[in-house]
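Residue numbering begins at 1 within each chain, and the chains themselves are lettered A, B, C and D in the order written.
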Amino acid sequence: MIVLSDIHKQYGRVRANDGISLTLEPGRIYALVGENGAGKSTLMRVLAGHTRPTSGSIEVNGERLSHLTPALARRHGVGMLYQDPLDFPAMPVWENFQLGAPRRTKRQVVDILGELSFRLDACFLPDEPVSSLTVGERQLLELLRLLDLGATTLILDEPTTGITPEQKQDLFNLLMTLAREENHTVVLVTHKLSEALEMADAIFVMRQGRLVCTLTPPYDEHELVSRMFGEAARGEVAPMPEVDETAAPRLDMRDVLFAGPKYSMGPLNFTARPGECIGLAGLDGSGQELFLRGLCGLDRMPGGKLVLNGREYGSNDFKILRRAGVQFVPADRLQLALFPALNLMEHITLAFPDRKEDRQKFYDEQCVERFNLRAHPDTHASELSGGNQQRLLLSLIPDDAALLLMEHPTRGLDAGSSRQVWNHLKERCANGATLIYFSPDLEEVLEHSHRVAVFYDRGLAAVVDRERATMETVGALMAGKPAAEVFGNRAKAAAEGGAR
Amino acid sequence: CASEPEKKAEDKAPAKTEAPAPAPEAKQDAKPLTMGLILVGPYNDKGYSQAQYEGGKYLEEKMGAKLIYLDKVNPADRPGLTIPQVVDDLLAKGADFIVAGSDDMTDGIIEAAGQHPDTVFVHASGDAALTGKGPKNLGNVFGRMTFPKMMAGFSAGMTTQTGKIGVVGPLINAETRRLIVSAYLGARYAWTQVRGKDLKDLSFNVKWIGFWFNIPGVTADPTQMAGSLYDGGCDVVLSGIDTPEVVTVAQQRRDAGKTVWALPYDYEKACEGQGSVCVGVPYFNWGPMFLKIAEQVKAGTYKAVFDWEAPYWADINDHDKSPVGFMPGEGLSADNKKALDEFVAKLGSGELNLFTGPLNYQDGSVFLKAGETATDKQIWYLEQLLQGMEGLSSPK
Amino acid sequence: METFALTIAAVLMAGAPLVLATLGETLTEKAGIINLSLDGAILLSAMAAFAVASTTGSPWLGVIGGAAVGAAVAGTLGLIGIYLGQSQLAIGFILTLLCRDLAYFLGHSFSRQPGPDLGLWSIPGLQGAPFLGPIFANASPVIYLGLAAILFCWWWMYRTEGGMRLRAVGESPRAAFGRGIRVRLTRFAYCLAGGALVGMAGAAYSLAVKPGWGRPQGCEGAGWIALAIVIFGGWHPVRAALGAFFFAGLQVSGIYLQEVFPSIPAPVFQVAPFPMMILTLLAVNLGRVGWVQDLVRRHPVLGKLSGSWSIEAPAALGQDFDPKKGL
Amino acid sequence: MNRESLLRQIGWFAAAVGLALFLTVLVTLPSGAPPLTTIFVLFQGGLGSLSKFGQALSVWVPLTLCSVGLLIPFTARLWNIGVEGQVIMGAIFCTAALRPFDGGGAGQIILALAAAALGGALWALLSGLLRVFGRVHEIFSGLGLNFVALGVILWLIFGPWKRPGIASMSGTEPLDVSLWLAKVGSLSVTWAGLGLALAAIVLAAVLLHRTGWGLKLRAVGENPKAATLFALGPRRRLLQAFLLCGAMAGLAGATQVLAVYHRLLPSISSSYGYTGLLVGMMASYRLGLAPFICLFFAVLNVGSIQLPLQLGLDSSLSGVIQGVMVLSVFIVQGVRLWLAKRGEAA
């Protein structure tokens, strides 16, 4: 039995965990759900001793501790499986299995590994480098390792991203047996409601670092969803701009293939009109990221054609597209979009070299007036809050941008600023820009899209127009239900009509 | 050594009488004559520079002169330091005349001498006075190392059992060619004339490392160089470089049970403590040369000439007379030593001049016709190695 | 045959210190730390080794002294680089120049003084043996030291728990930390160990390969060559050692080649390690460049080729890790 | 742009100097030299007289050219350790340009300077290309190219460019006096040298702090990914940085040939490249301090010859002091960082 009480974790300005208390009992399976950045992983890392909480205490087997270290956690049988497998790709399977475990000979290790994997009817070649395994296999190997270390509390942080359905089924069966027969505690961090609903004896819902509620069966899906994504922000929201159906398409993708570092997708056929807001819905790694990065030329486009404002592009060179008015705003702003140690003025100068002279004026009008970016002009980007970072980025996008590609436009923004951002984006659309964006916050997507493009399993599953785009339908599509089942056949036709 | 004092008296006497009396006297009373010495390497390098340093010390003890010196004067060790700057420093410290120790300083010393026309400058090695390139107040002095090198070669020729002699040379230029050729001539004489063997059976193999000392990644490594010579069958190797690798390698080969010998270079005591691997060392003994110059300077009679001093034949190892010498080591057997002495006597009497034709260059062209003897200039500016020597004559 | 054996012997001798230094740096870099201070460290420890040896009269004490100094230099890098979180490259580079001058300054009084050396070990059994005789009958201890070090490093890295942890902290400090390995401590430890080996290399120079101390000692620049070889050897002890011998061979053969190809300027053979290092790095990295990847996709042949390049630097090489931050 | 009080910074710098002093004393003690006298002799040797100061300046010129040049790649977080080789290449190209002439004037000299800049730039470009297109870290390519350059210069001096008859350490045939740079009065520093160095400082200052280019360069160094998003052409910037630094290093080589040695020497670079790197680091990669640190190091260099002359000490002590100085700066920075972290934690 593990009791977390009043756990706080602060990362600079970010409150990753904000006073969380919960109890984990043996023999039960818990699900931990919440939008991106809700603080799930952080909480779990605290539990696994990989992160020291800013404050709060952890009680394990009656022992009360201010924090755990990896070694301590192991001694108390707590083991964690990471979102991105935390292993040593260049090293062989058996070494990955052995590292951190008590001293053993290779033979012993190989035997144990073989026996364990037999039990879970998996199969590993001990001398193969882990880099040659699939993500799923690596997850499984980690799991075996934890079991071998005698972990009785298993934390799985989104274990099903990028593993096949059957692997997933095996995994869940295994977890079931572990919990029911061997009395293990299992915590499953997930974005996929279906999984939570299917597996969990209790569901913890997190939102912006807080534990908003703990649900117990029988579950009400609607409640769960609304708890996860919260009420829509108060205050008047600009209406969706009108789209001129007759206008020539702004973007037309013809059999486009995209190839990213991890995976490739396509052929994609998709069109967008001027003034349109198109939201991309999908679980992490379902393909929406590659879709955006490919469109702006950051990832390669091995095949197909892009037609922008009637001009045809055989390749997606970043510079050329940028000159054609394509602008990309990544989600990870500090890592990808800003210069941490440069100040606001310098950012402006970099974005608008020609406005070097009146940049102070620009700053006042653009940043302060339009985006109420409240910060001294020579603050470093790294010192800006997430919200201000986003404001800065938006204010750096030229007004004549024709096609806006945004990852999670409101990531880390509170309700108020999110609204501002949205009103601004809609204003741009009203002025004829086309917005294609992705957000893990489904409610946001539904609220701010003319059409919703749903991605599943690295592919464009369906394009749903506003009327039909509801939490249920889109949620179902995201979870992999075929369009046919979601709407009757008639609707399906319409849906596919969307993706011509 | 009893003879020294009066000998010195003799030496001094003429100088005194000729000297325009007062000036030097006054000088002497005021402060001792001071020599500013510029050394290219460390003063304690057990080699070329230490020999000059001890020459300076000799001067101090013999005529109470004062020595001020700066060592390691080369662009590598003293970045940005130029000879004129050093000279300024030494003069500021009261030097009455300047001696520059190395061929590398040629241009710098010419420049400096130009800047201080009424100070005496002497360039040990170098040929400004010979070519007339230099200003009037710059002379050259150098011992005729060719002779000790001949003796080294001779000893090698007497000592070798395989008839294979190796040389680890620094970099290829007229000076190094000159010295190595002398060694070859000595060895050849020993082999053919004294030991009466066939010239064909004598191999004389010269390997250049490309510099005066080892720079890993740039020059060939003298240690490996010497090693390869010994491995190649040479049992005697002469060193032409500044650092003591060759003797060390010889020692190691000895420990490994090989019968090999080595001849270091430059420094009289180089053979000390090396035991029987060391056949002998051709060395500079700058003392007498410095003394002579100092006295002339003091007397104000110094003439800037190109002075290429022959050994003092009566006793080439006489500390007070011979500018160059050959110090036999334990490696030289008694008989060979006797042979060497005869050889030296012949050279001294002029009865034997090894630079006598017929001698051909390595490429077969004629260096000296039969019976012709080489002039100093020919020897000083030797263009190639000689026929019968292996190794490069000039860098390609 | 005889001469061939002798050449082998020469290569072994010339290679021994390089091997020691290379192995040391390989250890350090496997743990994820770049120690650029090699060149200076070798010189300083060469001086120290000789100084100790000639004052105590015992060459082996000298070797220990050299190792200690090498470790101390690496330790400085470790403290400032690992725990104070400063740039390893910068510190390493500063230490190189500093140690070099320090060696000349402190070693002043020992320069060109007679002193003991490690001498030779003669193995009675091998005397007069056909091929091995000339090589091993009377060989310098450092040759055995080098060969032993190769075996030991290989065994330690790939056959022991410790070696596994070593590679782990170099591959992914986060993962290692996650498994309860004390990352910084481990890294620091191997920093020291590697430094000690480098120190031994210095001792090998001043007590065996080029006995004595002086300016120049003759091992100036050897450290840079070793650094190059580490990369050339793909961070694998055995391959690195082979690399060291390969370059020693190049230098030795350069002596013979000087006559064979008089048209090739002599420095070429001596400078060879460096262009080779650059080419190796090029080969290693090109595989990751986008346009090359596309090329390889189009022509599978290249894929096979690039397979043979598959040298991987430790993934976390030069990245610092602060456990306080957590994962 | 750090908003820390000047006083604080000075305080920390003082701490660094103090530490350096302490370490130096520690080092000199075993050699039995009186530390303070030693340090006094050093400085007096470098500043004692006008001519001494002139010498210091003549060291300052190439050193400044190198370190100021290095600050440009540093701005882009590039470690152009190949600067040493670039100095050598500059010297080689400079000599090559003058070989056809046995005399001349401003025309030839300008030609030679241009050639030197070109040579250095090309050599730097090699590292740059390797870095940008081959992802070879510039440290290793730079090191390699340094040795290659050294090989080339030795080969030239002892081979094709050797003096008639004698090839030797003393390098190639000296330049005709008409090709020497004019000295400032009786001092050993030259007008042209001073001009070049000052020009380099001004150029770097303007480029880095007054132009968009410098800002872009900084941005590229800060975050290449974002630089791509802003379409700043990271690759081109990096290459330009290498080229500029190479050109300045090349000029340093030229001043060595035209002003100091008047010919090509094996160790023509006087390892000013490496010292320049030290300066850059000690100035914590900022232009403001660099020229002064250069002067300080130059004074040490010149003063160092007094150590053997007056105290019988080995002059490499000056190098030791330089190293210790820079090291202390880093140690102090680290401790500072660590204390800050402690502060956060508490």
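One rule holds in what follows: contacts are C-beta pairs under 8 Å (C-beta built on N, C-alpha and C of every residue); 3 or more make two chains touch, one makes a residue touch a chain.
Because the structure is predicted, anything quoted here is derived from the model rather than measured.
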{"item": "Contacts common to subunit B and subunit D (chain labels)", "value": "C"}
{"item": "Farthest chain relative to subunit B (centres taken as mean CA coordinates)", "value": "A"}
{"item": "Between the pairs A-C and C-D, the one where more C-beta pairs touch", "value": "C-D"}
{"item": "Distance between the centres, which are taken as Cα means, of subunit C and subunit A, whole angstrom", "value": "45"}
{"item": "Between subunit D and subunit C, distance of the C-alpha-averaged centres to the nearest whole Å", "value": "28"}
{"item": "For subunit A paired with subunit D, centre-to-centre distance based on mean C-alpha positions, whole Å", "value": "49"}
{"item": "Length of the line joining the C-alpha centres of subunit B and subunit C, rounded to whole Å", "value": "39"}
{"item": "Multi-partner residues of subunit A (at least 2 other chains)", "value": "none"}
{"item": "Of all residues in subunit C, the ones touching two or more other chains", "value": "221, 224, 265-267, 270-271, 274, 324"}
{"item": "For subunit D, residues that touch 2 or more chains besides their own", "value": "147, 150-151, 154, 159"}
{"item": "Contacting chain pairs - touch in the sense defined above", "value": "A-C, A-D, B-C, B-D, C-D"}
{"item": "Touch list for subunit C against partner subunit A, complex", "value": "161, 164-165, 167-168, 171-172, 174-181, 290, 294, 312, 315, 324, 326-327"}
{"item": "Residue numbers on subunit C that touch subunit B, as the complex places them", "value": "3, 6-7, 9-10, 13-14, 111-112, 114, 119-120, 122, 137-138, 140, 209-212, 214-216, 218-222, 224-225, 251-252, 254-256, 258-259, 262-263, 265-267, 269-271, 273-274"}
{"item": "Complex interface listing, subunit A residues touching subunit C", "value": "45, 48, 50-52, 69-71, 74, 80, 82, 86-91, 95, 98-100, 103, 300"}
{"item": "Interfacial residue positions of subunit C with respect to subunit D in the complex", "value": "36, 80, 83-87, 89-91, 93-95, 97-98, 100-102, 104-106, 108-109, 221, 224, 227-228, 231, 265-268, 270-271, 274-275, 277-278, 281-282, 285-286, 288-289, 324"}
{"item": "Interface residues, subunit B side, partner subunit C - complex", "value": "42, 44-46, 72, 77, 207-208, 210, 213-225, 227-228, 231-232, 243-245, 248, 252, 255-257, 273, 390-392, 395-396"}
